[in-house]
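Each chain carries a letter (A, B, C, D, E and F) given by its place in the written order, and its residues are counted from 1.
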C-alpha cells in the first residue's frame, strides 16, 4: 500500500548498471520525451544550485511532516550511485536534510537527493557539490519521532517511484525511469538525440521547422490564415 | 479580438530602431518609472539565468495550453532584433520552448523570448546566452494540434503587448513600451537616469533622502512623530 | 501595538556588539537550532543573489502596501552594522527598495535589508554586494503618501522583530535573535557547531547516524521492521 | 496607454441594450464557447456568494495597490445596469469595497462589481444580493491618496476590458464580450444552447458522446486501443 | 507504466460491493485514519457544493492539459456506482467537465467525478446533485485532440488510484481505498467510529482528553511544565 | 520568547467582559478600522461555513507541524467564552482539529477556534455550529509527540496574539484586539458604525461619496482630469 509506515527493505532490484550509465548522458527533457512524456515530477522541484545533475538508482523513503528520521535509516541501505527519493504522507516544507546527512550519504555511496520538502545548509551542499532537488529551502529543522518506510513505492512530487528505478535530474527537473525500461529508454533517448542533432544543424543554418517538420499544410488545414497586413486581419 | 485564433500577420509596425537602441541602455525599473509606472508584466516572470537582458521589438504569439505549434509559425516572421512574446488562452506550465527552437530563432534574427508558461533545456539556453523570461522551468513537452495566432495583440503575464512594441527585460522583470511612445520614453528614461546619478552621488556622501527630497515637513504633516526613547512612544 | 503608524523612535537598545560579532560566524540553521527552533522567518524570504550573508542589529520599519516612504525615515536612524527589517500592514509585492536607497543605507552604516515585499535594481544590488532578502523581485515602484513607523516591534514574514534584535540571514533564510538572548544563543551555537564537527568527521568516515545517535532501539520500539526482500514486506 | 492614471471619461459607448439583455440569459461557459474561447478572466476570480450572477456593461476603473479612491469617481459615472470592473497597476489583496460603496453603486444604477483585489462586508453584500467577483475576501481597508483612471481600457484578472463591453459573471467565473460583438455573440450562444439541449436529451437517454459526436474512428486514428482485460494491456 | 497513453481497458476488478456499501457510511477522515493515514488526496481538491458526498469504485482516466477527450471514452466503460477519477500528464486548470458530461455519466451509472483540473457549469451540477471534487472552477473549455488512457493506474492530486479501488469523498476531501483492502478498512472504520462515539459522550460530559487518553504523564515526560501565572514562565 | 515550547500557563488576564460583549456587536472590518487598521490576520484564514461568527478572549496555543497534542492541554485551560488561537513553529496544513475536540472545547466553555493549519470533520462542525477559521480543510490527521506551549504569545496568520486578547472573526476574516484596548476599541467601533449608518442613508438616497466626503477638489489637486469623450483623452 502506497504510504504504509514501519517497513524497511534491504534488497533493492536496481536497474541495470549499464543502462543507468547510458541514461546519465541525456538531459531530463530528452529522457522524458523518449519515454512518451511520462515520469516527470512536478516543476516545483528545483535544484539547490545551477548546474546540479545526477543519474542513479532510487532508494525510496516515505516520511511524515516535520520528521526526517527515516533518512538515517536510508543511509545504511545505500549502494554506490544510489539517489535517495523522499515523499511524504502530507504536505511539509521543513528543512529535512543538511550537510551532515549529505556527508553521511556520500560516505555510503549516495549520489544525490530528491525530496518533496525543504532542505538547509544549501551553501555547504553547493560547495560539496552534493546535488539536491527540493520544493523549498528552509532552515527549519525536524524531529525524529515517527517511523515511515524505506524502499517501498512512494509518490514524490506527483511521480510514482519504486526502489531501484532510475532517477535523472538536472536544471530542467526530475524524471523517473522504471527499472525494467531503463535500457529501452536509453536507446530511445539516444535515437532522439541523434535526430535532434541533425535538426539542430539545419535550424542553425536558417531552415524553418515549418519546412523541416512539414507543418505548412497541417497548419492550413487546422485553420491558420496568413495576412500581409494587420489591417486585413479582423481581430 | 484579444485571443482570437487562426491569424498570422506578416507585417509588423516595429518601433523606431533608434529609439529601441536608446531604450536598450536602461534597466526595466527605470523605463517603467519613465512611463509613469505602466507596462510591467507580473513579477512571476523570471529570467532563466542571472544577468539575462534583452531589448527588442515584439513578435507576438497567442497559444493554447500544452501546445507550442505557433512558435514555429513565429520563427518565420522574425526580423533581426525581434523578441517573441507568447501569451495563452488559459493557464499553462508546460515546457513550450527549448534549445532547438532557440537555435531556429537565433538563426532567423530572434533576440529573446518572453513566455507566460514553462521552458526547458535551460542549461543549454544559458550556455547559448539566449535570454528567456518564463513563469516556470518545466521539462514537460507539448503537442502541435491547435492553431493560435501570430502578430495579434496578446496579454502576457498581465501586460498588453502589440506586435512591434518594445520589450525590455532584465533581472528585475519585463516591461512593454508602446511602439509609438518609444522615443518619448527613451527621453524620459535618460532624464530620469541623469537625475538619479546626481542623487546617487549625494546619497553616497551621506546626505539623506529626507533632505534631498524635502520630506521632513510632509512627514510631519502626514502625522509622523519622533520619540527619543521607546518608553516615550506608546505603541 | 503591533502595527501602529506614525511613530519614529531614535534610540535603539541594540544587542551586545560582541555577541553580534560571535553570531556572525554561524549559519542560520545552526542559530535556529541553538535557539530551540524559534525565530525563523517564512521560507519564501530569499536572498537576491547566492552567497548573500548578513548579521546585524535590527532597525525595524512598518510600512503600508505600495508605499516605501518610511525607508527614508529609517536611513537617518541607522548605526553602523544595522540591518533594516520591514514588515507591512497587509500583503504587498511592489518593489520598495533599489540601488539608490542601498547607496544611502550603506553610506549611513546599514549592512543589509530584510523586507516582506518586493525589491528592484537587483543586478546593481548584487554588484554592490548589498545583501537583501525579499518575498519577490519586482520593478514596480511605490508612492510616498502614508506614514508607517520606525523602530517599533514588527512582524516580518511571520517572525516578531524588536528594534535592536539580532538578525542573521544567509542562503538558508532569515532568523531573529532577541537582543537579550544574543550572548546565550552564541554560546549554544558554538557548542552545537563543535558537536556537529565531531559528528561530521565520523559520518565522513562511514559511521552511521543510526549508531552515532543510538537510534536502532528507538526505531524498533517505534515499530520499524526490516525485511530482506520486498516480497516479504506486505506493502 | 493601458494603465495611464489621471483620466476620467464621462461618455461610455455601451453595448446595445437588447444584446445585453439577450446575453443575460446564458451562462459564462456558454458565452465563452460562443466567442471561440476568448475573453475569460482568470479562474481565481470567485463570487462572494453562491448563485451570484450579473450581466451588464462595463464601467472600468484603474486603481493602485491599497487605494480605492477611484471607486468613488466611478460611482458618479454609472448608468443603470452598469457593472464596475476594476484592475490594478500591480498586485493587491486589500479590501477595496464594502457595503457602503455597494449602497452607493446600487443607488446610482450599478448592478455589480468585478475587482482584481479584495472585498469586505461580504455578509452584508450577500444579504443585499449585490453580486461581486473578487480575488480574495479581506477586511483590510484602503487609503484614498493616488488617482487612477475611470473608463479607460483596463486589464482585470488577465482579460482586457473596454468601457461599454458586456461583462457576464456567474458561479463559473467572468467573461467579457466586446461591445461591438454583443449581438453576434448572443446569436452564437443561442445556437449553442439549442444544440446542447438536443444533445443533453440524447445523453440523458443513455446515448454516448462517442456516438453522437462520431468520435470512435478519430480515437482509433489517434492511437487509442481497447483491451478487454488489464492483463492484456502492457502499462 | 504510470502515465502511458492510448490504452482503454474494459474490464475493471471492482472492490467488493458489500464493502463499498459499508464504507459509504463513514467520513473521509475516519476512513483515512482507519487505513493508517494513507490514501488521501491533496487538500486542494474541493467539492463544488457543500455537503457533496460520494462512495464508489474508480474508473480511472489519464488526460492531457486542455483536453477532455478521454472522459467520453470513460462514459462508455461506467458501471452503476462508479466514480470517475481523472489525473493528468501535467498541471492544468481548464474546465474539463460540465453538465452535459454529467448527464451522460449519470445515465450510464456514474456516481461522481474526482478531477485534478477545473470544472464548469457548477450551478447546474449542484442543482443536479452530481458530486464533483476538483482543483478549481473554470469556464475555460477544452479540445479533443490527444488520446490518454482509461482504466490504467493514475496519480490524482498526489494519490495513486487503480481501476476498481474505492473512492470516498466528502466535505473533508477525497480518500482512496485499495480494492483488496476494502472490507478490512470498513471493519477498522466501524471499530474506530464506535470508539469515537464512546469518547464523544465522555468529552461532551466535560471529561478531558488529557484524562481519557492518559496524556498527563507523557506530557510531563516530554517536557511540558505548568505555571500558575505568566510572570513565572520565562518566555 | 515567541515560539518557546514546553510552557503551559493557567492564569489568563482576559479582556474586560463588558468590552468583549460590546465588541461582539461589530463586524471584523469595523473593528479593524476602529483600531487604525491593525491587528488583522492574513486573508487566507477562512471560516469553515458561511455566516460563522465569534467574539471571545484568546487562549493561545503554539504547536508543531503535524502535531495537535497541545489542543488537549488547551481544553483544560478554557473558561466560558474563550476562543482558542493556534499558531505553529512552521508551515503545516494537516487536519489538527475535528468534531471530538470541538465537543470537548464546547463542554469546557470554548466558543471557537482560529488555527493556522487544517481542520477536518467540517460537515459535523458546521452542523454543531462550532465556528472555526483555518488555512485549509484537510482530512489528514496528526500525531501527539512534541510539546508546544499554551497561553504564551503566538503569531497566527501574521498577527501577534497574547493570551486574553479579544479575537473577533466573521465572514471577512479575523481581527485581534489587545486586552487593554478592548473598551477603547469598542467605543471607536460604536462611533464608526453610527457615522457609517448616517452615510449609508445618504448614499442610498443617491448622494455621492465625492460630495459627502468632499473629494472633488482633492482629486483635482491630485491630478484627475475629466473628459467628456474617450476621443479627447489620450490614453
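Convention: contacts are C-beta pairs under 8 Å (C-beta built on N, C-alpha and C of every residue); 3 or more make two chains touch, one makes a residue touch a chain.
All of these numbers come straight from a predicted model, not from anything done at the bench.
Visitor: Return the chains common to the contact lists of chain C and chain F.
Guide: Touches both chain C and chain F: A, D.
Visitor: For C-D, find its twin among A-B, A-F or C-F: the pair where over half of the contact pairs carry the same residue numbers.
Guide: That interface is repeated by A-F.
Visitor: For chain D versus chain F, what separation do you get between their C-alpha means, in angstrom?
Guide: 30
Visitor: So what's the Cα centroid distance for chain A and chain D, whole Å?
Guide: 39
Visitor: Residues of chain F that touch two or more other chains: which are they?
Guide: Residues 1-2, 4-5, 37, 40, 43, 89-91, 93, 138, 140, 145-146 of chain F each touch two or more of the other chains.
Visitor: Thinking of each chain as a vertex joined to the chains it touches, would you call that graph a line, ring, star, complete, or other?
Guide: Its topology fits none of the listed shapes; call it other.
Visitor: Name the touching chain pairs, would you?
Guide: Chain pairs that touch: A-B, A-C, A-E, A-F, B-C, B-D, B-E, C-D, C-F, D-E, D-F, E-F.
Visitor: With touch defined as at the start, can you tell me which chain F residues reach chain D in the complex?
Guide: Counting only chain F, the residues touching chain D are 27-29, 32-33, 37, 40, 43, 46, 50-51, 170-173, 175, 196, 199-200, 203-206, 208-210, 213, 215, 218-219, 222-230, 232-233, 235.
Visitor: Could you please specify the touching residues of chain B with respect to chain E in the complex?
Guide: Spelled out, the residues of chain B in touch with chain E are 64-67, 89-94, 138, 140, 143, 145-146.
Visitor: What residues of chain C sit close enough to touch chain F in their complex?
Guide: 1-5, 35-40, 42-43, 89-91, 153, 155, 158-160, 178, 181
Visitor: Looking at the complex, which residues from chain B come into contact with chain A?
Guide: Listed in rising order, the residues of chain B that touch chain A are 1-2, 4-11, 13, 49, 69, 72-73, 75-76, 93, 95, 98-101, 103-104, 106-108, 118, 120-124, 126, 136-141, 144-147, 149, 151-153, 163.
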